[in-house]
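Across the two complexes that follow, chain A remains constant while its partner is chain B and subsequently chain C.
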Partner chain A sequence: MKTRHAVRALIGILRRETLRTLRQRGRLLSAIIRPLVWLAIFAAGFRSVLGLSITPPYQTYVLYEVYVVPGLAAMMLLFHAMASSLAMVYDREMGSMRLLLTAPLPRWYLLAARMLASVVVGLPLVYLFLLIARYWDVRPPVLGYLAVFPALVLAGLMLGAFGLLVSSISTQMENFAGVMNFVIFPTFFASTALYPIWRLAEAGPVLANIAAWNPFSSAVELIRFTLYLRFDPVSALVVLACLVVFFLAAVVGYDPGRGLWSRRGGEG
Partner chain B sequence: MKALSLEGVGHSFGQRRVLDAISFSVAEGAMCILLGRNGAGKTTLFSLATGLYHARSGQIDVFGHSMRTDPAAALAQMGVVFQQQTLDFDLTAAENLRYHASLHGLGASISEARLREELGRLEVLDRRDEPVRSLSGGQRRRVEIARALMHRPRILLLDEPTTGLDVPGRRAIEQHVRALCRERGVAVLWATHFLEEVSADDDLVVLHQGRVRWAGGARHVATSLAVDGLADAFDLLTETA
Partner chain C sequence: MQVLIALLLVMSALAAPAAAETIYVSNEQDNTVAIVDGATMTLQATIDVGRRPRGLALSVDKKTLFVAEGDDNRLDLVDIAKRQVVGQLPSGADPEFFVVHPDGKRLFVANENDNLVSVVDIAAGKVVGTVDVGVEPEGLAVSADGSTVACTSETTSMVHLIDSRSLELIDNLLVDTRPRAAAFSADGKQLWVSSELRGTVTVFDTATRAQTGKVEFMVPGIRREGVQAVGIEMSRDGATAYVALGPSNRVAEVDTMTLKVRHLYLVGQRPWHVALSDDQKRLVSANGNSGDISFIDLENQEVVKSVPVGRGPWGVVIGP
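== the complex of A and B ==
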């Protein structure tokens, strides 16, 4: 693989993802409205009923809005990854995925480029949300906005790799709608995005254990800690390990010799 | 040198055998028609020939490059127009071509020059900045062919490219591709179920129920089978056993 070729392909994939995203205004708007609805309505309601003790990385009592914003930022990445995954299933059904997969580059590289492009396109929306959240007095240190960047990229890549894996085993968009319901909501709710672990433990140890083992919780905590200029090495390692595992599994899923697609065909 | 060579290619989806012991080749600069009824296995054959997935058995080479062991070199020689339209409807014709050019490692200036040349050759240059969604079926097909030619492939694979088009549209596409073959020496593998798209000078491969029933010059098929014409020959070759 020649470097110049690889870079040009990456730029081309990034440009295509950007153009498509910008032209799907409804998707753009809902991507930013969704977390704001959670913040403005859900968090406001919970603020009065949910007391939070001092929970790291916070050094004092915080408003529920402050607690929930990193989780909502991770939720944006999760929804974006799943939307991107849905787009891949759509592309495969509509045929344009074939164009990508018949490019003269290693398939793992093409998949990685597609995943990276999706993350790059999604990040400005997350930053826009973090800035708007200041209106609700969610004001992390200014440097936190810079520090959280690699955490957002890493979390976005892990969720993107997960979406890629889901798309590699989902053969039809109808199936994919079910996958969305069975993946997104359990992943999001059984995590530390909305409540700290100790709160979940009060509801039951099983739920707390699920949340503790849920890689999405690690993504949330990684974002939460770095946004407040702290580093959580365990979360970072879990996210990195999951990224590698999900991506390798997705590469196998799209492998021309071993992938499910090659076994199912359906072309006639 | 053979532009495309298939030797003993077989494939199955689960227990269902869809291709069995397929062997034929396309010579450099030749026009080869892959003729078969719906469900004969043409599209699966295209998926294997373009490396979308690997054949369970057999060998596929493109200009001597194995699709299994050296797919990047094989795909660099190949332009593909799939049966399903693979244009991005949210992008313009030009943006679709630029995307393809980037996947093949072309720089911006070469990409722009070829974009004009290929869209011009296929008479859709005036629609370059319109979203693909607004183009007619025939125009979209032309854009797809122009896109497949952006990286100067030495072989062009087209899977039923005229399906869904009216008769003038089909003729125009066929003429464009034949001109490419004649003037640029591009080898062509054209899959179809329309008998009228076969010319006497073409090489012909008849595929039926996943097997090659005939491979040779189109002008010889009728005499070899002692029937009146191509239509009768095709009926004879594709009689269900």
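== the complex of A and C ==
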């Protein structure tokens, strides 16, 4: 793999992802409207006017709007990753995935480039959301916006790898829509995105345990901590480990010789 | 990434102001005074004082902390440097709140059960005079020139103006139900009195003794009964007043010209009293129900940190 060749491939993939995303106006619009609806309407119902008790990284009492914003940022990454892997299933059915994977570069590299491109394209919207959230008095320190960048990339990659894995397993678009429902909602709801662990523990230890082990929770907490200039090594390690595991599994999944494709007779 | 975060943490630590000040908080239910370092915002020590400590204030030379102990009918003297109780003063029965007269020699103490204001001579260590006021005297304030002392009485719903020299009552002014705190503006031209049950602050012109305005408080999502005005702190430049709003868990920042609420700060549960730092850039609230104090950065208009201090924080003062 020559570096120049690799970089050119990366730029090409990035360009394709950007153009595709920009052309999907509806998807862009819904991607930014969705978290705002959650913030403006859902969070209003849970406003907890007297403040949530202190949970790290917060050092004082916060309103629910403040608590939920990092979770909604992670939700944007999750939806984006799922939409992107849906696009991958589409690519496969249309044949452009085969074209991509037959490029004279390692398969893992092409998949990683594809994943990275998708995350990079998705991030500006997350930042837009974080900026709009200031209107709801969610005002993390200014440096927090900078510090959260690597956390958003890492969390985005982890969720992207997860989406890649899901797309390598599902055979058709129709299946994939079902998978999304089974994947997105439990992942999102059984996590610390919407409620702190102590609040979930009030509902029951099972839910609290699921949320504690849910890698999505780690992604949320990583974003939450870095946004407030704190570092949570445990969640960073969990997110990193999950990224590696999901990605390796997806690479195997996309291998026509060994992966699930071979069982389907190399269809794609 | 760890390196980047560490770098950012260092940068933000450098940007934070290093305030060399100490916060003293009376813990009503623990019978202690908590000492919190202003720079690190951490609890440094708690010292045992008498039973049910509430009002507390620094001496004019800022070397001694006076603490009123309602159930021991006395005031404790805490040496700031030694951080220990070094003496007592008589106070009359059930002292709740008091003020240090600007002459540095006398304290005016509200005796809740006796409907009295007792005047304590600090050097002589005895009560040198009493003034009859309304039922359940509570809040006290003294004008900057020292001429007038104001005392609120909870049940009578009045503020009583006392000539600090002759110890005669000058006037009694009706205010809203269950007045708590009183505060003079720095220039002495205005007197502010908070009403716990109405959740208002009434503003008087001290020259004419006429009511010139009223501050109303509204916290979105909280019923009117939950918004109770208690402790008041006035800024030195006279432009801003800070009012603790009790069960609504808020502290209000009020523009003294327009009498409009500029900002509401979410603090711990049931703030009783608030105190301004010497540089006027920071406000601290003592939160009675959540057992902590909240630090408010007034320049950035945000609550920075809440620090547990003990059970039932009530009074708060900031010293060197």
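Simple rule for what comes next: the second predicted complex is superposed on the first by the 261 of 268 C-alpha atoms of A that agree within 3 Å, B and C clash if a C-alpha of one lies under 4 Å from a C-alpha of the other, contacts with A are read in each partner's own complex, and residues count from 1 in each chain.
Note that a contact is a pair of C-beta atoms (placed from the backbone, for glycine too) under 8 Å apart; a residue touches a chain by one contact, two chains touch by 3 or more.
Treat the numbers as computed from the prediction; the structure is a model and nothing was measured.
Residue contacts after overlaying the shared chain place A:13 against chain B, while chain C stays out of touching range.
Contacts of A:95 after superposition: chain B is touched, whereas chain C is not reached. When the shared chain is aligned, chain B comes close enough to touch A:23, but chain C does not. Once the two complexes are overlaid on the shared chain, A:5 sits against chain B while remaining clear of chain C. Once the two complexes are overlaid on the shared chain, A:150 sits against chain C while remaining clear of chain B. Comparing chain B with chain C, more residues of chain A are touched by B. Contacts of A:226 after superposition on the shared chain: chain C is touched, whereas chain B is not.
When the shared chain is aligned, chain B comes close enough to touch A:103, but chain C does not.
Comparing the two interfaces of chain A, the one with chain B and the one with chain C have no residue in common.
Here chain A touches chain C in the complex through residues 47, 49-51, 54, 59-63, 139, 141, 143, 146-147, 150-151, 154, 226, 229-231, 233, 236, going by the rule given at the top. Chain B makes touch with chain A in their complex at residues 13-14, 18, 38-39, 41, 43-44, 47, 50-54, 68, 71-76, 78, 80, 82, 84-88, 90-91, 95, 98-107. Of all the residues in chain A, the ones that touch chain B in their complex are 1-2, 4-6, 8-9, 11-13, 15-16, 19-20, 23-24, 94-96, 98-106, 256-257, 259, 261-268. By the touch criterion given at the top, residues 1-2, 4-6, 8-9, 11-12, 219-222, 248-249, 266-269, 290, 294-295, 302-306 of chain C touch chain A in their complex.
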